[in-house]
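Order as written gives the chain letters A, B, C, D and E; numbering starts at 1 within each chain.
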Amino acid sequence: MANFLFYAFAFFTVATAAGVVASKNAVNAAMCLLLSLVGVAGLFVALNAYLLAFLLLLVYAGAIVALFLFIVMLLDMKETESRGFGKLSLAAIILAAGLLVTGLSTLVTRGHLDTGNPALTPALGTDIKLYSYQLFTTYLLPVQVMGFLLLIAMLGVIVLSKRWEGSDDVT
Amino acid sequence: MTMLSHAIFVLILPLVSAAIIALFLRRSGGAAAAVSTLTAAAIAVISVILALHNERFTASTEWMRLGGLVISLGFKFDDLAALMLVIVGIVGLCVHVFSLGYMHDDPAKGRYFGGLSIFMFSMLGIVFADNLFMMFIFWELVGFSSYVLINHWHEKQSASDASKKAFIANRVGDFGFLLGIVMCYWLNGTVSLTELAAKGEAHTLVFSTLIPLFLFCGAVGKSAQLPLHVWLPDAMEGPTPVSALIHAATMVAAGIYMLCRINVLMVPAALDVIMWTGTATALYAALCAITQSDIKKVLAYSTLSQLGFMVAAFGLGSLSSTHLHGTEAHTVVIAAGVGAAMFHLTTHAFFKALMFLGSGSVIHGCHHEQDIFKMGGLRTRMPLTFWTFTIGVAAIIGFPYLAGFFSKDAILYLAFEKNSAVFALLALTAVLTSLYMVRLWKLTFLGAPRSDHASHAHEGGLTLTLPLVLLAVLSLVAGYTAFYPNVFSGVFEHIPEAHGSDHTIIFITSLGVMAVGASIGYFFYKSTPTDTLADKVPGLFAALSAFRNSFDGAYDYYVAKIQQRFALFVNFFEQIFLAGLIVRGLAGFVGLCGLGARALHVGNLNAYVYWFLFGLVALWLFATGVL
Amino acid sequence: MTLEAVKLAAEANQWGAIFPELLLACLALALLALEIVLPKKLHAYIPDVALAGLVGTLGGLFVNFQSATLGKESFNGLLLHSPGGQVMRVFFLLTAILVCILARISLAKQKVPRIEFYHLVLIITGAMMLLAQSNHFVMFFVALETVTIGFYILVSYFRTKTASLEAGLKYLVMGALSSGMLLFGIVLLYGVAGNPTLPGHSASAMHYPALAQFLVANPHNFLAGVGIVLVLVGVAFKIGAFPFQIWVPDVYQGAPTPVTAFLAVGSKAAGFAVLLVLTRDVFASYDWLVTPALTAMAAATILFGNIAALTQHNVKRLIGLSGVSHAGFLLLGVVALAGPVASVSATGAIYFYLFAYLIASFAVFGVMAHIGGADDSDQTLDHYAGLAKENPFLATILAIGLGSLAGIPPLAGFMGKFFVFIAAFEGGARWTLALAVVGVVISIYYYFGWIKAAFFEQWTPPADTAAPRPSRTPVNLVSGIALGCLALASIFIGFYQGPLGHWLTMK
Amino acid sequence: MSPLPFDPLLVSIAAPLALALAIALGLPKRWSVMLAYGAFAIPVLMALHVWWHFGDAAKDHGYAFLTRYSTGLDGLGIGLKLGLNGISLPLFVLAALVGFAAGLYAIQSGAERLKIYLMLLLVMQGGLMGVFASVDIFFFYFFHELALIPTFIMVGIWGGRDRSYAAMKLTIYLTLGAMVSLLGLIMLYVKSGAHTFDLIALRDHLAAHPLAATVQNNIAGLLLFGLGVLVSLWPLHTWAPLGYGAAPSSAAMLHAGVLKKFGVYGLIQVALPLLPDGLAYWAHPLAWLAVIGNVLIVGLITIAQRDLKQMIGYSSVMHMGYAFLGIAAGGIIGPGGVVFLMVAHGLSVALLFLLATAIYHRTQTFALDEMGGLAQKTPVLAAFFVAATLASIGLPGFANFWGELAIFVALWKFSPLITALAVAGVVISAVYGLRSAARVFFGPSTAGLAMVTAAHPPVDITWKERFPALILLAALLFIGFWPKSLTTPINAALTPQISAKIGNATGR
Amino acid sequence: MTSATLDHYVLISALLFAIGLFGVLLRRNTLVVFMCLELMLVASTLALVAFSRFNGTMDGNVFVFFILTVAAAEVAVGLAIIVALFRKRQTIQLNELNSLKN
């Protein structure tokens, strides 16, 4: 069952991720991203990281993708992405794809990792208490920094978006 | 005062005089002339004292030391040096005195007399030098003073060119001279003349044909032998007293003096080269002199020719004669070349200086007219000059019992003994000498004046005539070795003397050539404003002129067409190839790379992402050593 | 898990050890508070508060330089307070001070919010200081991202200018891309180092010492190698090393001049602080991998940076590409450190170089801030023509700054290069060193070209009056003093290295 | 030690630099000019003082007046160590003298922006004093670069024709040379294992642990290339004539006269004692390059020049060929001759540049073809110029002669053929030297000159020009007549270390 | 069907990463590019969680928190920039956003 779940979610995730790249339309891409995230969340579940799966859906799917969609709608771009590539860029794309495939296959063939029996390793991700313990003791400093990160992100969005008196913005 | 301190005083005195003139008396020519002339007088007096005093000495002090290279400042005062010293002193004094009158109105008198003092200093340095480095140093310095004095009337293009030519031709000779010195230094470990002589005595000298040949290069330059003779006729652009002193009596003779100094280093092969060079120069110059119309140029070529005689004499080498003392036969080797050359040098110095000063007197009298075809009839107008000049002419053509007669006989005898081809050629040269000298004499002094200048000519003042008289006397008596006190025996005992039948042969030959040449000269040439030879045998005249100009032509061709063009080519090569193609090209290449690198920043983000991907791959490949 | 354990873990958080960072954070918050509290006419003084606060923090840091925590870990091993870390703290504080001074000049020409800029600078500075001292990949990543995201905002801060926004977007995409690679590298390292079947594995595999131990035990692990290379890519982006330098000219050109300076000096130095720690302490056993990679990168960076700068006419792009070449020279020092024969003086040489670079760069940027007009992405060499006549002070500062950047004795930049070269030679990077020499020679051309423009050329107005030269901002007291100090420091350090010289033998 | 209460070497470095700094900080012009006299004179006084006391001074490894000042780099074995040995002493004095002359000339030149001009010149002067007083190789290099930078700026601002290109080319070339030689010095520093730049310590260390032959060859190769660029070894010389052609006179005097000697000095002071095998390895290629390239090719190029200043520039390139030949020849005579020649050439070329500018002020041109007959108007200037020319072509009586002579003597042992070619250069130099003197001064006046002189009647050399020229000329003559003044210290410095090490001239 | 091992998860993660990277290479719509960047971050989180699970360590899981936060902040700022740029230039096509170049 676990295996089936894995394969199903894995396939789903990869397929929808490919959809993000392949879709003509930004809205479609965002929807594909959303689905892909759901797939990843599923994989998280398969890895017993329930909290993280939930958070992923909440933060990514709920907030980030929504934001994307919102912006896509807001900008309401009439033009679609120009299609077709020049010979040079086509060659570059093929080369890049080749490189990526080569890299992946190298990673798979050479990067084999033995693991102990997963059944025997403790699934620490299930324990919510552990997260909080870690976040508030060991990783307290990064959490504080994160706070400031979010603060400056907010500030940044304000600076970049708000109209200021006297500014010669045109919209 | 010891004799050494006399010598030092003599050497330093003209330098001090020159320094004083250069520093303080540049604008006051009269004072400069006085200082310089007094110096010359002192030199002459002390020279004679030094020579007469029977003390011969060597002394040296270290001048520079660098590692094992020691260059010393020394005195080698032997009979040879003493003889040369006296010649320089006396001729120098005469010329100084003559210059007082001759250069009286020159605006740059200070510079002139300063130059003369510098020259005296340099020349005395050569005379005294006890080693080749020191000799080289003063060798160069006489070249410098010659340069300054030839260039005295520097606003004349010809004077400027002539001085340059003289210096450069001398430098070419010095090129070899220096190499010879350096080679001798490494081969024999010393360049001290005394030590070399000692090694020669001890038969430890290392011989090499190259050393004397290299050293001879110096003499070729300084004594204006073929093929570096070209500067001497041009050097007549200088004031006439300068020509008398430097380009007739002393400096040009330094080459012969130097050869005599290094006689110990000579090897037969080198002597042969020297001999033939001298002979060729003698003959060539005599041929050139025939077609000259400038009084000084005739004398210049005659000087060349006489220098050729001396060099040839030196090249003929030593004589061995066998005397029978009872039953024992003594073989005596005398350095006949040295003796003959020095003897001729001595007599030549006097009579050639006399003639040059005489010509100076003529030029002065004729308001700087130098063309003999515009002279004539000066005999009556300048009688003293005429008579003294006549003595000079007689001396040079070998009129019996005058100075030149003895010395030339000695050379001819030596040639007769050693090499009959040389003898024949020298004899021929002697004919020519008589011919052109008589031609000059006749055209200048006899007949009717052929120009206003000549007709208004007049004798100069006492300063002009007094030296003439002195030199004339010397020209009369200098041929008698008995005339000299015994102090020069170190030189004069080597003068070859013909005895018996040889003596007769030489005497007759000598008389014959003199008579033939003089007759042709006297009877062939007419006192006309044009050259009789050019009129009568224009082909020969043209041929001789062309022959004379051939060297200059060749050099001019070399300088203008080869050296200058090659220099321009090399310069072009440097500008175009080195500074252009390579340097600018490299810069351009880097610049192109820069443009290429600049073009990579296309501004498109997608393109930039490729950089990341390819960069990642490349980095991986580098990291794992694939690339 | 008892309360005791929690307490114990909490006590490991020695907040006192990061008091300068805390001060900066508080200062940043205080700025925002002041903006709300103070009446509008007093807003003009808020930047001065920031400046004063920074100077105060710097002073406090100096007073407490030999702090009790020096050489120790804090925050459960997240941070390591090394002497090098202290040096970098000073470096970032200095950078921040100078950026603030530049900002006072540049922002005055723009209609944009002011206070937030200083706030951002302070937060980024704090994050950089933490970054330089991080001893754990989580801390590293978080601090790095704080810096990066802060820079996204700063680069696009002049949002009324297309250039600034476009630069922001480019920096955003490239930065996110590099962060992604870096993160993936960290993840791989974490995964490998925590693998229970491998020797030396660790439960806290993102802790540097633990990771280093693991790498020593597994000297040829493939995945670890991939992880290391990916991390290097991420850092290489920060320092602008070839081939991850491609964003540099565009972003430097578009960004506001103070931000360009901050990027060129602060961000780059942060990258080097991290790279230094990683190559020296963490990846040391993978020198077979790191050394060739860094060597190739250093060589290519030096050459490319200098060659590409050669034909630039826009001075911001020029200084950006010259900065790339400086990254190459610094990488040379890192190579010396990572090589099989580690150079003793390499660490100190890099620090010295960084300080020399800081001093010289800010001198140049300071002049640029005065020369540039409102549209400061358009600043070409022509704008400098005749500067020496019109404003000899700025021209002299510029010449000294550029001379130091070019590495001309007796200026500090030369000493930096000299030390790095020695280190590189000791480290065995002979051929790269030879290339570096070629690079220095090439660099003379554009640095000197700039000086030439300022000193030897006259300003001739172009035929079309469409592109008038922006008027030059007069030098005010603070920036005048700051620039003067920078120039004098460049000269002084060139002659007398004093205590900075001791770094060179610092372990 | 010197009897002075202060370090004369440090003072002679610091005095010009201090005034330069003061000018930079805004000293008024009046004061700047007045103090400049002092700042240029102090090094001369100090130099004469140390020269006078050198013989009696206590010495360590041949170095007198040793003092060390820490600059914070003791850990690296770098420190400002000042001292003079028999090789640096003559050059130290040279730097002081030429600097003084150049300074005096500059002060009176009335150049535009005189203050900055003087400031740069003072920096140059301070750097030059430092170059020759430094016993620490690093500072030796450092001061050289310090002195170099003003050259670029001076060419760029006050230069003549093509100044922009010339300044750029000069800068790039010299940076290349400096960087490559720096690389060599770093290699020496690291490879020696002594981890010090102190020349004395390095000597001791390398005497005990000589470097391997290949290492020596590599280092010597780098140094020869790098310093070769700085000294304009053919074919790396093309910056020199261009740069000198464009440089203002005082800068050209100091650069061609003194600064350029840095490279040769470095080879003698550093490479010769430390890398004897390395130098011996390169000796033949170096000698051929120098004799064919510098002496013959550049000599011919010099003949073809039509611009007086460029001609002097080329001639200085040519004479540097002799310096390289002397180094290649080895022994004591060769390098000793080179030191001699450096001093002599420094004085003479500085004099020539000074006079060339004086000529320019009268003719308004450097083009030889447009000049002629100036001697009629300015006889004393002509005399000076001819004297300087003759000095530079090696006439005895002037210092240059001894240097060239010693080099030729040493060279014969090395290779007679090369000697012959090198001596041929003497003829070439006579050709271009006399040609230029004749073109400028002798012969009838040209029409062009007549026009210029009609507008500005030329005055003869003024005292403002004459005094600096006299200093240089007097020094040339003094050394020329009393060569031992130089050779005594040179012998003392070269004999102990080098005769044992470089064997190809067996102690001579 | 073999059971899902760590290798499988790493492969999926790497695949996601590669797809994201490829998307960044390929797409010209800034928003889509940005989405692909997010995909790359997600790929990392997947690997982290997998490693955390199989290695039996907690750090990876906690790290995901931080990554998510960073991603959120990044997106916020990024979108703000994109919007601002769109307002100035009326386009968000990458190939049209090249006013900064030589």
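What we mean here is this: a residue touches a chain if its C-beta (ideal position, glycine included) is under 8 Å from a C-beta of that chain, and two chains touch if they have at least 3 such contacts.
Since this is a predicted model, take the numbers as computed values, not measurements.
Steps from chain A to chain B, minimised over paths through touching chains, total 1. The chains that touch chain B as well as chain C are A, D, E. Centroid distances from chain C, each centroid being the mean of CA atoms, peak for B. With centres computed from Cα atoms alone, the innermost chain of the structure is D. Distance between Cα centroids is largest for the pairing of chain E with B.
Taking C-D and C-E together, the pair of chains sharing more C-beta contacts is C-E. If each chain is reduced to the centroid of its CA atoms, chain A and chain C end up 29 Å from each other. Measuring from the averaged C-alpha position of chain B to that of chain E gives a distance of 96 Å. Each chain gets one centre point, the mean of its Cα atoms, and the points for chain D and chain E are 64 Å apart.
Per-chain Cα centroids separate chain A from chain D by 69 Å. Looking at chain E, one finds that residues 6, 10, 20-21, 24-28, 33-34, 50, 52, 54-57, 59, 62, 66, 70, 73-74, 77, 81-82, 84, 88, 95, 97-102 touch two or more other chains. Residue positions 587, 598, 601, 603, 605-606, 609-610, 613-614 of chain B each touch two or more of the other chains. With touch defined as above, residues shared between interfaces to two or more other chains in chain C number as follows: 138, 142, 145, 149, 152-153, 156, 159, 169-170, 173, 177, 181, 191, 195-196, 226, 249-250, 312, 445.
In this structure, the chains touch in the following pairs: A-B, A-C, A-E, B-C, B-D, B-E, C-D, C-E. Of all the residues in chain D, the ones that touch chain C in their complex are 24, 71-76, 138, 141-142, 145-146, 149, 152-153, 156-157, 163-164, 167-168, 171-172, 175-176, 179-180, 182-183, 186-187, 189-190. Interface residues of chain E facing chain B in the complex, by the touch rule stated above, are 21, 24-28, 33, 94-95, 97-102. Chain A makes touch with chain B in their complex at residues 89, 92, 96, 99-100, 103. Taken in their complex, chain C has these residues touching chain E: 137-138, 141-142, 145, 149, 152-153, 156, 159, 162-163, 165-170, 172-173, 176-177, 179-181, 183-184, 186-188, 190-191, 194-196, 201, 203-206, 249-251, 253-254, 312, 317, 377. Within the complex, the chain D residues that touch chain B are 169, 172, 235, 238, 242, 297, 300-301, 303-305, 331-333, 336-337, 340, 373, 375-376, 379-380, 382, 390, 395-397, 401-402, 405-406, 408-410, 412-413, 416, 419-420, 423-424, 426-427, 430-431, 434-435, 438, 441-445, 483-484, 487-488, 490-491, 494-495, 499, 507-508.
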